[in-house]
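Each of the next two complexes has subunit A plus one more chain, namely subunit B in the first and subunit C in the second.
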Partner chain A sequence: MSHEAAIREPLIFGETNYSVITDEICAPAEAKPTKHWYIGFTIAMLTLCIGIVSFYYEVTHGIGSWGLNKTIGWGFDITNFVWWIGIGHAGTLISAILLLFRQDWRNSINRSAEAMTLFAVVCAGQFPIFHMGRVWNAFFTLPLPNDYGPLWPNFNSALLWDVFAISTYFTVSIVFWYTGIIPDLATLRDRAKSKTRWHIFNFFSFGWTGSIRQWNRFELVSLILAGLATPLVLSVHTIVSFDFATSVLPGWHTTIFPPYFVAGAIFSGFAMVLTLLIIARKVMRLEKYITIGHLEAMSKIITLTGTMVGIAYGTEFFMAWYSGYSYEQFTFINRAFGPYWWSYWIMISCNVVSPQLFWVRKFRRSPIFIFIMSIFVNIGMWFERFVIIVTSLHRDFLPSSWAMYVPTWVEFGMFVGTIGLFFVLFFLFAKYLPVIAIAEVKMIYKKTTHGKPAGAYHGEQDYDQDKAYELAAAAHGHGHDEHETVGEHHH
Partner chain B sequence: MSIIKIRRTNCIVAVFNDDEVLMGALRKSREKGYGIIEVFTPFPVHGIERVLGVKRSNLGVAAFAFGCIGLLFGLSLTGYTNTFDWPMNIGGKPIWPLLSFMPILFECTVLITALGMVATYLCISRLAPGVIPVIYEPRSTADKFVVLLEIDSRADEIRNNMKAWGVEELRDDVHVDHNMPFPIPFKLK
Partner chain C sequence: MIRRIEFTSRNKTIFMGASILGVVLIILGLIVDHNQPGRFWANFLLSGFYFTAFSVLAVAFMAIQYLASGAWSSGIKRIFEAMGMYIPVGIGVIVVIFLATFIGENNGMHAIYEWTHADVVKNDVVLQGKSGYLNMPFWLIRGVFFLAIWALAGRAYRKYSLNEDEVGGMLNYNKSFRLSAFFLPFFGFTFCVASWDWLMSIQPHWYSTIFGVNVFASSLVGCMTLTNLIIIILKKNGKMEWVNENHMHDVSKFMFGFSIFWCYTWVSQYLLIWYANLPEETPYYLMRMHGGWKSLFFINLSLNFFAPFLLFMMRDAKRNLNWVLFVCIVLLLAKYIDWYMIIMPMTAGKDSGFGFYEIGFWLFFAGIFAYIVGASLAKANLLPKNHPYLVESLHHDI
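Right, the complex of A and B next:
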């Protein structure tokens, strides 16, 4: 067993053991839904209904029911698409990239973050599909054998790359997520009180027993999937950015887009993870596992990626000036001071300015503050996509074709509807499945909790690192530290 | 669920409460040369495969093979449709533009690798929807660590040693959940 320094903040709080961990994480999935759950689920369902009406209206009346025009061919649809896809990225970052970097704090949030990825991609996928207008012909994007010539999709097109990237991303994410959840479904199966429940969970847990060979392969498969998902997630938003960057439009035609989009995606994704987890940990009483320390770590990533996005905004302006290309210069001046100036400044204040508040330790350890901030970031990142798409399109090379874009109720309804869909799926997930990877939390339990001085804990959530340092130093002064003997004992 | 008891004369089930105690007992069992048929743990206990002499899985090889298949699939898909079957002149660019097929090739490689490797993993681990597992202790997926030990002429010695090494419970009756045939015991090297 390896142990870590006593002053490092523990990732699981309080006195516990393997049995308690299992009970506490399984409890919400085994209990009857609470009143909160019913209220939340009903609101989400009603919101989804708004979406269903809007989608129905759009399919029966055509794309003309949107506020698009000849100048502005992309509006809410692609904004929402990119926003949702970006949100998905945090889940893969947590489950794959942080696994490769051996970041133990990912173990209590990876399950829910990855579920969020799947739901976000489901929401994202609706927009390009329904933007086709005749959705029943959506399969034309796939290279299927046919009698029309034959007619094949053009593999040089960034939009077709998107089809492949998003569908691969969704498939690999679902495989990764499901591979990880199998052992926990087996735990639920073995705890089942009724025969029906046992059979349901046995079906979905694939007959998992937890033998050494299964675990051995499980770990290797997780590692290789993480290795695959890491370049994959970077490729997805890179390819999404190609939708813009391969065009010749000022404001879109830049090489900075791939890294800038990936950073923005992670930024918005972490904000959504925080929005969901701050509520979930409170409602499902999981503060012991999703600690303030977890929230703080995510806030730090928000500050990092938010700053990267800020630098990208600056670089765009600099390049517009430095290129000496008047159309590019006009586009950026128009972004900040044109008719859509308000969307630009919402974007700047939410994405660049507000995350800097997390430099203050007190702020990034306050769940309420982080929650409000995560909403700001979600709004800011939505406006970033709106700014990029609409302000570049609405005033292009020919002033005679300049126009304004005003979304209709159908577009609003579709957007709101996908938020409803997202929450419906998340509520179902939170109710019926373990929201924390039970086995993975047990794996780090001893390492992260042993030898932590009891006096440094404040309640169920907070940990005073200075106090821990003092206590640890005092303990060392008195001789043998208790947890060190545990490690030596069996060697 | 009906728990049926199968009386096995050649093995016992040792249940442990703690992973470190388990590791100690396994290490000493190996030194004494006791036959360990299988170990079930609620989470991956690191280092256990080294103690038991279980080799690292070869799934990486499978992943690489599927990766190659995926790349070939991508190459043939793009090449057949856009270059061979219906070549298109796009701005005078080559009809086999490998560079702009790159995203497709990458996605195909990743997709086939992931699907193929996970399918292989499920097959060799005997995991599939609806497979009825043989569970010796229902809490082995929660907080118990279960060792299936082979009993030879040293039966009493094994029992006594296990107690000395911190076993929580020793069972002669092998409790098996569900009416399933006993698995063919395989001995670890």
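Right, the complex of A and C next:
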């Protein structure tokens, strides 16, 4: 039987019980949408419309409507693609890796993070597809038996590996997400007031009854999926990094790219989770389940991954000098002090410098501060991809090929449009499905609240470990926990 | 509950005996394989670095556990503390290599690092460009500085932890937590730099940005392997009864997971260099994939990845004492081969082999390591008292 130390901050805040947990989490999915929801959804829809217009223009006018040229063949398109794919990493990290590491705090954020992952991958997928120009031929990327003679995708190309990596990732993520949601769909079914609603949720919950056997298989399948998804978290962005690193281009070809891209992806993914959840917990009144402690844990991951990314930047810069390879050296000097210097310094300040503020406990427990920081990180990580792609390309080996890249309104429109798409999907999710995994929160409820001194809280959800320790010690006479002094009695 | 162990005179004899036997073997090596200074010093570096890196990771692992509020490991924390006590020996290794350089042209750093030869650098534009970084005094200063900070951090954890036994409360936990916040980023950066200095610069024209991550992964696996080994030895002697198969399972998971991560960094480095096929990068692998090195190249990959991957795949495998012991021995050998492959081709070169030097130096450092860890474990309670998360570790059940 596991036992939690008193100083571990409870993951559910305040007085509650199983029935209240069900009621509170199901409430938004059962009530009529609020005014906030309608306003948000409308804005998201309008933003999506900008995207639709831009995508339409691009398909009818061709890639020439973008600001790309012979030197700079990748610009906004691949920047946006990598940015969205990166954002899609937090969900699977939370659901798979944190499950393996037994991080209980994942239980109240995994549902929404996984949903966000799926939506981000949907947005990401648009860019390489529309970059093909003739989108109707997009299926050429798949190794299908075909009537085109010896026409097959190039299996040596990292771009093809991307097709496999991302489609696998999307498939496993959606299976993982859907598996987790089945018991909660059954809960919604059991609470349904109308017959139609009952039948819809019964169908989508596969007639879940909650028998011991079903729970047993549910747990087993979650663990197996976690095991399978863990290498996937690493593989997707590793292969995205191969798109660059398998080339011979200075600034792209460097061996640290795979782990550095993965760290950056987790970094940006958590930033987006924070951006969404800080709003959601406020609007949907979920502060009880998504506590300051949750936000703090995510902020710590932001600091960790931000610092890892910082070490990677430093390593790259140093190795460029150390290599003694003049093109490599030029590329890095040019990044920092060339015509795109501003994008480089935005990247450094947003990704490396600002997350260091989270070393201060007060900052990483302030929702407003974390929200602002998460926006910074989102911006910084977009610029990271922009820096890698555009600054490495725009100074070619031959100075006569040097060029600059200026995006057109079509590219801006497509980018903004995918943000709209992302939020439309998220709003629909938040309205129709439980945004917190009810069953999983209940799993940890007893463990995380039992024996935690309520007096350790002061202010708004500020859990003081020292105070908790003292209170627990006082409650148990000598020593702060009866279990701990087991050894003492034998002396 | 027996909280203390005794560091018996029998232990002392065995561990010191191992070191002395090592010295004897090295002397035998000097007689049999005389005039092989490259191989001699390469082995000194290899075995010296081997135990130092694992000990440094023990301190880093403690830092990770504090920052992540990891509780399960608090019951075996004294093992990490004891391993951290070994780091000063690493300073000795660096200083001896540096000082031996002044014996003669083929000794110390001259035997290991091509860039220390003035006449070579004079005729090499690339090495001249690096000489601001790759020069002997700076190399020594960096090495000693990094090791000193790591060793001091290890000592500080130890001090706080022993003080916690005495006074209880949150004071020492909070101090350790703060120390971890400073130590971990420092470690992350400096450990990469140290791996470039000590290992990567052996082949000074070659560079790989992922190199430090690869060495980190190796070292973490090595550290966890030694941890499991120490647990097994103590348990076989009837000690540490609060540590059960659940704790061993977690340590083994780290061995398993980071062996896969090691392979990930290995593939990242190999695949990208193979794919780009640049003349700056490929010589590293060309040298290691031809001639006598070829078989070792594949043995390295098999033992470091396939072996732990298959042997530790099942849940029960990570919880069975004797099986874990077997995998530990495989991985200790695997890590040795991993770094052997990095160090030897450029230093020992044609003289490379496996003989008196290799066994001698490994035994020499292994004896010192065991002595220091054993003595440190005996000096304090084996089970820390009053650690605020100890209760979770004692109830650990997965």
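Convention: the second predicted complex is superposed on the first by the 471 of 491 C-alpha atoms of A that agree within 3 Å, B and C clash if a C-alpha of one lies under 4 Å from a C-alpha of the other, contacts with A are read in each partner's own complex, and residues count from 1 in each chain.
One rule holds in what follows: a residue touches a chain if its C-beta (ideal position, glycine included) is under 8 Å from a C-beta of that chain, and two chains touch if they have at least 3 such contacts.
Model, not experiment: these values are computed from the prediction.
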| item | value |
| --- | --- |
| Subunit B versus subunit C as contact partner of A:190, first or second or both or neither | first |
| Which of subunit B and subunit C A:440 touches, first, second, both or neither | first |
| First (subunit B), second (subunit C), both or neither touched by A:213 | first |
| First, second, both or neither for A:198, with subunit B first and subunit C second | first |
| Contacts of A:319 with subunit B and subunit C, given as first, second, both or neither | second |
| Which of subunit B and subunit C A:221 touches, first, second, both or neither | first |
| First (subunit B), second (subunit C), both or neither touched by A:164 | first |
| Contacts of A:462 with subunit B and subunit C, given as first, second, both or neither | neither |
| Touching partner for A:19 - first (subunit B), second (subunit C), both, neither | first |
| Interface residues of subunit A shared between complexes with subunit B and subunit C | 1, 231, 242, 486, 490 |
| In the complex, subunit A residues that touch subunit B | 1, 17-19, 22, 143, 149-156, 160-161, 164-165, 168, 171-172, 175-176, 179, 182-183, 186-187, 189-191, 195, 198, 202-204, 206-221, 224-225, 228, 231-232, 235, 239, 242, 438-440, 442-443, 446, 486, 489-490 |
| Residue numbers on subunit A that touch subunit C, as the complex places them | 1-8, 100, 102, 231, 234, 238, 242, 245-248, 253-259, 300, 307-308, 311-312, 314-316, 319, 322-325, 359, 465-466, 469, 479-481, 483-484, 486-488, 490 |
| Contact set on subunit B toward subunit A in their complex | 1, 19-21, 23-24, 27, 38-46, 48-49, 52, 54, 56-57, 59-60, 63, 77-78, 81-82, 85-86, 88, 90, 93, 97, 100-101, 103-104, 106-108, 110-111, 113-115, 117-118, 121-122, 124-135, 138-143 |
| Residue ranges of subunit C in contact with subunit A within the complex | 1, 3, 67, 69, 71, 125-126, 129-130, 133, 168-170, 174, 181, 185, 188-189, 192, 196, 205, 207-213, 253, 260, 264-265, 268-269, 271-273, 275-276, 278, 280, 383, 385-386, 388-392, 394-398 |
